[in-house]
Amino acid sequence: MWQTFGFEFVNFYFIPGLVVGCIYALGAIGITLTFGILRFANFAHGEVMMIGAYFTWTVMTLVKNGLGFPIHPLVAAVPAIALAISLFIFVDRYFYKPFRSAPTIRVVMASFGMMLVIRSFVQSVWGPNQLTFVPGIARPNETVKSFTNSFDMMILMPNKHFWIIAGTFVIMLALSWLLTKTKIGKGMRAVSDSPELAKVSGIDVEIIIRATWIVGGFCAVAAGVFLVMDLQMLETTMGFRMLLPMFAAAILGGIGRPFGAVVGGLVIGLAEELSVYPWLGNGPLLSPGYKTGVAFAIMIVMLVLRPSGLFKGRLF
Amino acid sequence: MDILIGYSLYGISLLTVGGIYAILALGLNIQWGYAGLFNAGIAGFAAVGAYTFALLSTAPNPYHYGGLGLPLPFAILSAMVLSGCIAFLIGLVCIRLRSDYLAIATIGIAEIIKLFLKNENDLTNGPRGINKIPRPWEHLSEERFYTSAPMSWISDSAGWDSFFDQLPNWWWQPFFCGTILVLVYIIYRLLETAQRSPWGRMMTAIRENEGAAHAAGKHVTRRRIEAFVIGAMVMGLAGAMLSQHLKLIDPTNTFDPSKMTFLVWVMLVAGGSGNNKGAIFGAFLVWVIWSASEIFINSGLHLFGELVSNMDISLLKTRAGYLRMVVIGLLLQYILQKYPDGIIPESRPTSKGN
Amino acid sequence: MKINSGPILDVRNLGKTYGGVRAVNDVSFQVNKGEIVGIIGPNGAGKTTTFNVIAGAEKPSGGEVFLEGANVTARSTEQLYHLGLARTFQLSHEYPKMTALENLMVASKSQHGENIFMNWLYPKLVNEREADVVQKASETLEFLGLKHVVHELAGNLSGGQKKLLELGRTMMADAKLILLDEPGAGVNPTLMQKIGDMITDLNENRGYTFCLIEHDMQLIERLCHRIIVLVEGRILLEGSMDDVRNNSQVVDAYFGSSDA
Amino acid sequence: MKTQIAAGLALCLMASAVQADVTIGNPMAQTGPIPDLVAPMVQAVDLAVDHVNSQGGMFAGGERLNIARADTGCDPVAGVDAVTKLINVSMVTGIVGPVCSGATIAQAESVSIPAGVVTLSVSASSPMITNMETGTDLVFRTAASDAYQGVALAELALAKGIKDIAVSYANDDYNAAIAGVFAEAYAKMGGTITANQAHEPNKASYRSEVATLGSGSDNLALFAYYGSSGITIMRNALETDAFSTFIGADGMLAQEVIDQIGAENLDKATFTTSTSDQTASGFNAWKTLADAAGIPAAGPFVPNSYDAAFLMALAIEKAGSADRSLIAGALRAVANAPGETILPGEFAKAKGILAAGGDIHYSGAAGPQDFDANGDVAGYFSANVVKNGVWEGKIIK
């Protein structure tokens, strides 16, 4: 494949697509679990992702200014994750829980409202301007470059991308252990597959819901931090603009299936980047102006054409 | 005196925009309140209506195709029809999807519509948008209208010129506002009739229990598409009226989902979905809060700054816009929990003959 | 009571498979005009699936269905409704936020007012028809003994009343054939008696034809002229109640598992 | 409780009505896509008003000049609503702002022109504004049209010896307009456009776009707001070595770009901005004032914002009353020659001359600000490169 497409394809289209895909995948895990277990589309998910990144930035800045040494974003993310999870649980307790037995629309509206509240809150506290996360240019890793170059397959990949891809991989492993080996994880999958069945088997749904927010919050903050590691800056609208591709990923992978969401995320990320590859002739296949539309189009096509094949759960 | 005119003109503008939102909310009420279709792509249908109207009614110009200069009522009707056609196509494909899925799909479609409007520069002037959109009543004082039939039959251009000159420059505002309110009233009447009719009964039945409606011989899919299309046509009308009010439309900022889609949902849910009065009431209430809160928050901050002179409130002032959004978001949560069925909840009309 | 010649429903070699599992396998039977036919069988025998396929809720994997001699295989539920085939559900399907009267009015066929434009353009025509529908719905409610709850929301009715409403809906359609899916399920004995009376009344005095699934053998015995026993998707037996009682295979099919 | 709320609201409303003296409306996009660019512009407007009030106020009576501010969010819906409130509730004499071209055109056509109120935009640069009016003279701007800046940028590119270039622009009203003008002018002057593509702002990665564009040329003409896509594109381009030379316009000119990307990576980046003749006395006077107030003197459209507010005050002073209908004429009188030169901050001097019946000619922070028949100004442009970690501009036209 590499010989056919050349390294340009790998370096400029495939790897960036993979990186974006990893971020979508992590975000989509939370969305798919919420959808599977609480049975609603949580529109505030992207904002939690964003506020998690802002918490991380704040921790980094405080440590740097207070203690005088910089810490890695992945370290600073630990307290940020705790905060984001508490936020999720707080929001659930006061804004979502009152609607547990009400029609879905109410809680979706409530999550719509929370989306607005959280974003505006961040904008009023941290301000609407961009914040620098890491200044400078991330050059490709020289070791990898020269090493792969000796095979005539030069890979250009900055360190941040290694962190993102490796980090996503580690989280995947941890998550698969959690979901397949632990009691709570099995419970989550059971509830997600069939809430009626789970109720009969005596699973405490409220505990499962709390676990969902914890896992979802963890993955959301990880996605947020990876996103700002890649962008190297923070911005208050980044949560919303990731939201729809993440929904698309969750739908693609099948609602309620975390591993499906991962595959969906990677597919959406790659599809977006590859849609502008000059497959035919010299110009990009699709005008980059339409790039955002790729995820939406995939999502709609999937919803319509393969509603039951790839998907599981409550679609019809 | 000026102050009084000013305040009334502002009141008229509140009614105008509130009325446009009321039309949107009524359109959504057909889709959600009657048929239970979770359309989260309101901005897309409004954009289709607005662009159709703009392209057909503006004067020819070098920036984009269209500019056909057609009569306004024709352009408004076309806006409704095209919006309905697009809804029909979407309905054919997506109508079987339930609640959240339909919402996500329609958000995606609305974004694709906006991307199209943004990227097809030749047709739509791209992100720069279309300006000089004629506005009813006010357009009469435009040269291209009073020099052509039927206005030219009544008087020549000099006559019209002097006639319009002697009017106060805001003469058309009450008329435009009145037109919109009349439209709201007409749609309200039509929808009330429809809701109380066998059609409304059937729609409610489909919403309440699809299986039973099916077994009672109702063509559920076709009826859903019907409600979706009628709602979209009403939204297209609202889009056309909005473009007349703004006189410039662009794909990105005008049809921002948080102000076009989300706000309309807030209006309908707060007012009472399924109830046309609720939809209208919610639209005016939320718009007045949305618009007037800026005056109150700004002057409140001003007052606060005068009282607490040793505090720097400039930061608060620059962030007032965001604080406003927080307040409105929390207000929505309050209404959702306090009035689960909206402020004016749905009441099924009892059948005729009883 | 007289049984007319010529079947109103003719099911030929009907089959339905779900991914390799044969839920309905080569089922053929007929229902004649004026008859009440009962379908019985143990759980999972394919009774409801057979109903669903006949009523157009699911597509058959094979076979054909004729209604009054016309091939209606795989027609949709609403088309069949207009051709005169109505059905009820095991769990009653009502419109909770609508009154009992409206619940029945919805079921009326050929209402001009269901075309939205008719209401705006010819309100008079719509109102005339609407008066008829109200009349008929009221009469039906009276027949069902639900007159006192005419304006009650269906969501507030008792389970039995909902069951009656379900029956009433099929009456509104003047159906040639009514498929009843367990009319006696979840109903107390008194009401079951009443429902039985109504079905008999409808059959004998108004000429309605029924095909019903039921677990309650007493009800079956009381109502049905003919009984079809369905086991594992196949017709095991077709005949009178006595035939069923005297057939050892039927007993095995029902109690086989407990004997083993 | 309810009465308290009602009383509070009434008090707020009174507070807005009481500030009678002279009020100018200032709709700015404080929320929306570019709040960071707008913040210093708001400060500049406030500074101009401070200067007026500290130098004797308005008219003979020394009345206070007030600012009524409203948020347009760059959005026509909010813009029209905001200006409606300013004109009808705050009863402003003239409008200074809005920021974005879309909101400016919408509010002007929808509200301010029908109401007969002058709009003096601080940064709306769309070429569509030039020929917007028919039969009225109510829309002015202190920022030069993109039509000029795009041409200036094309000349600059060729003068730098850039013979071929790829164009990438954010698909919004401002950047699409200027990219269009640039591409046309550049091709006409003999340059080669190797690719010309819109990109959707606010994406996480532009590496594929950069790779596709970069196959034809080493030079990139980048039209974007730095925050929504500009920095990310430059970063992706530099990471992958797809481009080495960058040119672009105002949207990219911010200290943020240097802070984020690093001065060492920007040695071949040049961005133009609508600016003032930095050797001219107007700019120097402004720079002193801005530095004292802690406002970035050369920031995009910051001097233009000061000029707009100051000019509006001068025009009202010249008109002698808060009568809206007199402002357009007065604005031309104070901004255009002839007359004694007035520099930024010299309100007292101008007031004196006007009181004595003399003519003034404002020479602004951003240049002379002589309005042509369409209410446009020619404006100067500077080419900015990074020197010692900050942008340093050099006048080009």
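We just call them A, B, C and D in the order they show up, numbering each chain from 1.
In this text, contacts are C-beta pairs under 8 Å (C-beta built on N, C-alpha and C of every residue); 3 or more make two chains touch, one makes a residue touch a chain.
Computed from a predicted model, the values in this text were never measured in an experiment.
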Touch graph components, with subunit B removed from consideration: A, D | C
item: Centroid comparison with subunit A (C-alpha atoms), farthest chain; value: C
item: Pair joined by more contacting C-beta pairs (A-D or B-D); value: B-D
item: Chain closest to the middle, measuring from C-alpha centroids that were averaged per chain; value: B
item: Averaged-CA centre spacing for the pair subunit D and subunit A, given as whole angstrom; value: 37
item: Approximate Å spacing (C-alpha centroids) for the pair subunit B, subunit D; value: 31
item: Averaged-CA centre spacing for the pair subunit C and subunit A, given as whole angstrom; value: 50
item: Chain centre separation in whole Å, for subunit D relative to subunit C (CA means); value: 74
item: Where subunit D touches two or more other chains at once, by residue number; value: 31, 39, 171, 198, 200
item: Residue list for subunit A, restricted to those that touch at least two other chains; value: 123, 127-128, 287, 289-290, 292
item: Full enumeration of touching chain pairs; value: A-B, A-D, B-C, B-D
item: Residue ranges of subunit C touching subunit B (in the complex, touch as defined); value: 55, 57, 76-78, 81-82, 86-89, 93-99, 101-102, 105-107, 109, 111-116, 119-120, 123, 126-127, 130-131, 133-134, 151, 169, 173
item: Residue ranges of subunit D touching subunit A (in the complex, touch as defined); value: 31, 35-36, 39, 171, 195, 197-200, 202-212, 215, 226-228, 231-232, 235-236, 238-240, 242, 256, 259-262, 265
item: Contact set on subunit B toward subunit A in their complex; value: 32, 38, 93-94, 96-101, 103-105, 107-109, 111-112, 115, 118-119, 258, 262, 265-266, 269, 319, 322-326, 328-330, 332-333, 336-337, 340
item: Residues on subunit D engaged by subunit B in the complex (per definition of touch); value: 8-9, 11-13, 15-17, 19, 30-33, 39, 42, 68-71, 73-78, 80-82, 84-85, 87-89, 91, 100-103, 105-106, 109-110, 114-116, 126, 128, 132, 134, 171-173, 176-177, 198, 200
item: Interfacial residue positions of subunit A with respect to subunit B in the complex; value: 35, 40-41, 95, 98-99, 102, 104-106, 108-110, 112-114, 116-117, 119-121, 123-124, 127-128, 244, 247-248, 251, 287, 289-290, 292-293, 295-297, 299-300, 303-304, 307, 314-316
